[in-house]
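Here chain A shows up in two complexes: once beside chain B, once beside chain C.
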Partner chain A sequence: MIAKRIRIIALLAISLVFLLAWAFPILWSVLNSLKTDPDVLAYPPKLVFAPTLEAYRDVLFGSASILPNLVSSLVISVGTTVVTMLMAVPAAYALARLNFRGRKSAGFYVLATQMLPPVGIIIPYFLVLRNIGWIDTYQGIILIYLSFSLPFAIWLLVSYFEDIPFEMEEAAYLDGASRLRTLWRIIIPQVRGGIAVTVVFVFLNAWNEFLFAVVLSGNTVRPVTVAMFNFVSVEQTLWAKLAAVSVLAMLPVVVLGVVAQKHIVKGLTVGAVKGGGRR
Partner chain B sequence: MAAAATPTADTAAIAPSDFGRVLAQRERRFAAALLAPAFIALMATTTFPLMFLVWTSAFRMDLAMPFTNGFVGLENYRVLLIDERFWSSLLVSLIYTASTVVLQVILGLALALLVMDMKRGQCWFRLIAILPVVLSPAVVGMIWRTFMLAPEFGIVDFLAINAGLGSKNWLGDPLLAMISVIIIHTWQWTPFAFMVLLASLASLPEDIYEAARLDRATAWQRFRRITLPLLRPAIVMVVIMRTMVALTAFAAIFTVTGGGPGTATEILNLYAYRKSFTELSIGYGAALAVALLILTIIISGILFAMRRAK
Partner chain C sequence: MSGRGEVRFADITRMHGEFAALKGVSFEIQPGEFFALRGPSGSGKSTTLRILAGLDAPTAGRVFIDGKDVTSTDARDRDIAMVFQSYALYPHMTVAQNIAFPLEMANLPKAEIMAGVREAARKVKIDHLLDRKPGQLSGGQQQRCALARAIVRKARLFLLDEPLSNLDAKLRLETRAEIKKLQRSLGVTAVYVTHDQEEAMTLADRMAVFMAGEIQQVGTPAEVFARPNSIDIAGFIGNPPMNLVPARYIDGDVVIAGHRLKTIMQAAGERDVVVGIRPGALRIAPDGLKAKVELIEDLGDSAVLDLDCAGTLLRVRVSDGNVPQEGDAISITARARDIHLFDPVTRKRL
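Coming up: the complex of A and B.
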């Protein structure tokens, strides 16, 4: 009996340690963003301090404001999401629902494109975009983001399209509705949930991207993940401000992640059931 | 299938024997129209760059010294084979990938087993586990580099001092820097393995365990003989996915150490980036990227063969 109780307490302690280990770095950034620089640098680290929103005011409205960068991130993420969904929904429907020769190979092609290492895409793309003057432009970044968002969105959507019953479609055809009309009026409304989940994940991946952004961004288009570097330099680190920027960069994805909580495993493992996949 | 749809006004005029063929043709055209935009975009953003990459790797293309540029054939690959920095980055890649994947699977599985038996508090784990995986690796790297690993006031260093280890230069010492980037990656992605394995555990049939209990199998036997074999597909899937990501990890190393100190944490992916965009030697960088692609294909080939086996 005592042995069992000790076991339970030990397991509880282990789980608490893990919970803390995962939550802590995020929590600590939030706390540091509410401190002044001397408080951040205090030794031993301060858990109790007078909270201030000064760091947020500085990074949002100060001289080195990151508001333009947040706007950049938003435009890139929304743009990528819209373009991706416009292309992925019809493609996923065709792959999931229509009968045509080469359907399997088409699906495999979509999966195989994910095998290409991002660094292998960015080197040639950098050369091309430099030639046509698209470095530091939204269209350049959004175009290259399609390389990872499209395969992901197509495969996630295929899994939702496969779930709906055929009967509704057949009934629509019997009524003489055209294919396009059936797709738009009957099928799309049934996968609304799946589309919403896909939108969340495409947005999230675009918001978080870093390698393409760091190569293609400049003074006009610089997402917040890249702009963070303004706050750490060889000479000095602006601690509280960096914490505030980190929190601002984390906020949208954490909110989306918690909202889409139930679908996260599916979103993270999409494609893997059938083949490769990466994120 | 949808092909069985009833004729619309204009198809009704066609002889019944041709009817199926016409419908199939229509379906094909409709499918082609729906697929075209996505496939054109995919070809433009993946297949075309791949071909251009291989082509570029046959050139000397130095943005800093454009006058030396020109076709060199396989010269870049010849240099690559005797490039010590290439071999060392390959080794770093393999160590980084193997250790992070193994750690993620072991910790994720242990935690999933632990949480599985919990009656209360499961929801906390599910909630907290989401946080790291939705974050940008760039932000995660930045947070660890500063608030966790900075000397003295960084929490890890603070704990090390209090544990009597003394203040360490976590990102300045080659070995510690490597350990740090491995821990950061493991921190961020263990929740992924945990969530997938927990979902898989929850779907295992209850009655096998009842039977095993009746046969007086020990907890270890139950784990070894029932749980592990049943979880195998999920574990293999996690290994495959995480290996692919770890091989091309970029942001979480770039933001933390930039590949340093020296080249201590420079994985092949990062070397290709540095060569192309820091040293501006794009042709050689392209050859490195092709080498990374070949490595990815070989490793995924091995993993998929493992998946098919048994």
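Coming up: the complex of A and C.
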């Protein structure tokens, strides 16, 4: 009895350590975004302070507003997500269902692109974009983001498509539906959970991306992850503003996570097909 | 309705790589007929159904429906409805939407679709479940929903792929009878794949028995039961199946374990044969084949005896009135017309 209790306490303690380690940066950002710069630098750190929204006002409406950067991030992320999904859904369906020459190797190449170290391909990407004049443009960044979001999305979606029994599709054909209509009316509604998950991941990857953005963006198109560094300079770091931008950049991510959670319902197909599954 | 739903398979072959799933299958189904496809697993019956539906293409041969060559016609243009073994209901749609789907695909007006859905649901008695999702239905109700979706369109052919195999025994009996009534009232041609003896016997007007990718016999269930035309069919049809014993044929008699049994064959001469006798055709008699009762399987209203007859296993079905004890020595016999003779080499009926 006592041993069991000790085990529970130990588990709780370990979980708490991990939770704190995970939550610390977020907590730090939220707290510091509400402080003034002197409060941020105070030592020992002040736990009790007069909260202020000054940092937020400055980064949003001040001279160095990051609003355009948030818009840039949004355009890039939404653009990447939309184009990715438009291409990944049919591609994943084809890989999961159709028999064509090179299907197996196509599946492998999709995965292989995920294994390349991103830093290794940044320079070639930069050169290509520069040559076609797409540096510091939305289409340039979205194109490059597609090169890793698309394989990832396809790879994720294929498993969802494969889980739908063949018979479901065959039933639709016999009911008089064309392949496209079957895809639209029968298949996609059943993988909407998977599509929601994929949308979230693709959006987040694009939203959070920094490495490619810092190389391929410029003054016109500068996502918020890159713009944050305006607040870090050789002479000083504007901690409160940096923290405020961080919190603002995190918000859409949190909102998306909460919204998508509802859609990610597992087992939508359970019960519809007895003993069904892969064949 | 008449004249619709005639099917002809002309020399259909289907290869899966090197493996021949169907080796030149030909048969015809008359309009309005209830036609069963029977055979052990992997014999080609499901492949035949899928080729008829247009879900698989034959490697060679032609499929005709109502006299028209549909070999290269898409499944959706064949005007065929099918009930799958798994039911294949659309899980994200309600029962009503499931049933409405074929009508929607045919671009019928809304009012007509509604009426059609109601009527089909009423026919299979699920009109009170229209707003449920398939996941909220019992197995039997899902089955009915699949049936309703198949009959709603009034297709010219109605295919059923082991539709009852996922139901429990009681429900299976009920649904079996209902499927038959439904098919009669609709007057539609039905093609039914099953491995169940009773289903085929009770439902089918005629059946085709598949063995290793070939049709070995086509006929009414009674015909196939009474005169199986090969050893394989004899060993497949019936529960328990026919006893098959190697024996010697001598001038109209067969000799099994030293005992002579009369047959209806007249031919003189001597040769090796395989004798087939249904378990129900063997009777306990004072004079006959000597045998020892090894095991008794009591089925309630009858019993199946496993007999050791000089080293050969024979099964006998007896009514509950005169069941011997295990270990008893008995003698058995059969009427001449109940004795089937097969050629041990060609495996065909003699």
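Definition applied: the second predicted complex is superposed on the first by the 237 of 279 C-alpha atoms of A that agree within 3 Å, B and C clash if a C-alpha of one lies under 4 Å from a C-alpha of the other, contacts with A are read in each partner's own complex, and residues count from 1 in each chain.
We take it that a contact is a pair of C-beta atoms (placed from the backbone, for glycine too) under 8 Å apart; a residue touches a chain by one contact, two chains touch by 3 or more.
Source: prediction; values computed, not measured.
Using the contact criterion defined above for the overlaid structures, shared-chain residue A:G176 touches chain B and also reaches chain C.
In the superposition on chain A, A:I121 contacts chain B only, with no contact to chain C. Contacts of A:F24 after superposition on the shared chain: chain B is touched, whereas chain C is not.
Once chain A of one complex is fitted onto chain A of the other, the partner contacts of A:W239 are limited to chain B, with no touch recorded for chain C. Greater residue coverage of chain A by touch, when chain B is weighed against chain C, goes to B. Residue contacts after overlaying the shared chain place A:G133 against neither chain B nor chain C. In the superposition on chain A, the residues of chain A touched by chain B in one structure and by chain C in the other are 170, 173-174, 176, 178, 268-269, 272-273, 276. Those residues of chain B whose C-beta lies close enough to touch chain A in the complex are 1-6, 8-9, 24, 26-28, 30-35, 37-39, 41-42, 44-50, 52-53, 56, 111, 114-115, 118, 121, 124-140, 142-148, 152-153, 155, 158, 187, 191-192, 195-196, 199, 237, 240-241, 244-245, 247-248, 250-251, 254-255, 269, 272-273, 276-277, 282, 285-286, 289-290, 292-293, 296-297, 300.
Across the interface of their complex, chain B is touched by residues 11, 14-15, 18-19, 21-26, 28-29, 32, 40-45, 86-88, 90-91, 93-95, 97-101, 103, 106, 109-110, 113, 115-128, 143-144, 146-147, 150-151, 154, 166, 169-170, 173-174, 176, 178-179, 204, 207-211, 214-215, 225-226, 228-229, 232, 237, 239, 242-243, 246, 249-250, 253-254, 256-258, 261, 264-265, 268-269, 272-273, 276-279 of chain A.
Residues of chain A touching chain C in their complex: 165, 167-168, 170-178, 181, 185-186, 189-190, 268-276.
Chain C contributes residues 53-55, 74-76, 78, 80-82, 84-92, 101-102, 105-106, 134-137, 139, 142, 149, 153, 166 to its touches with chain A in the complex.
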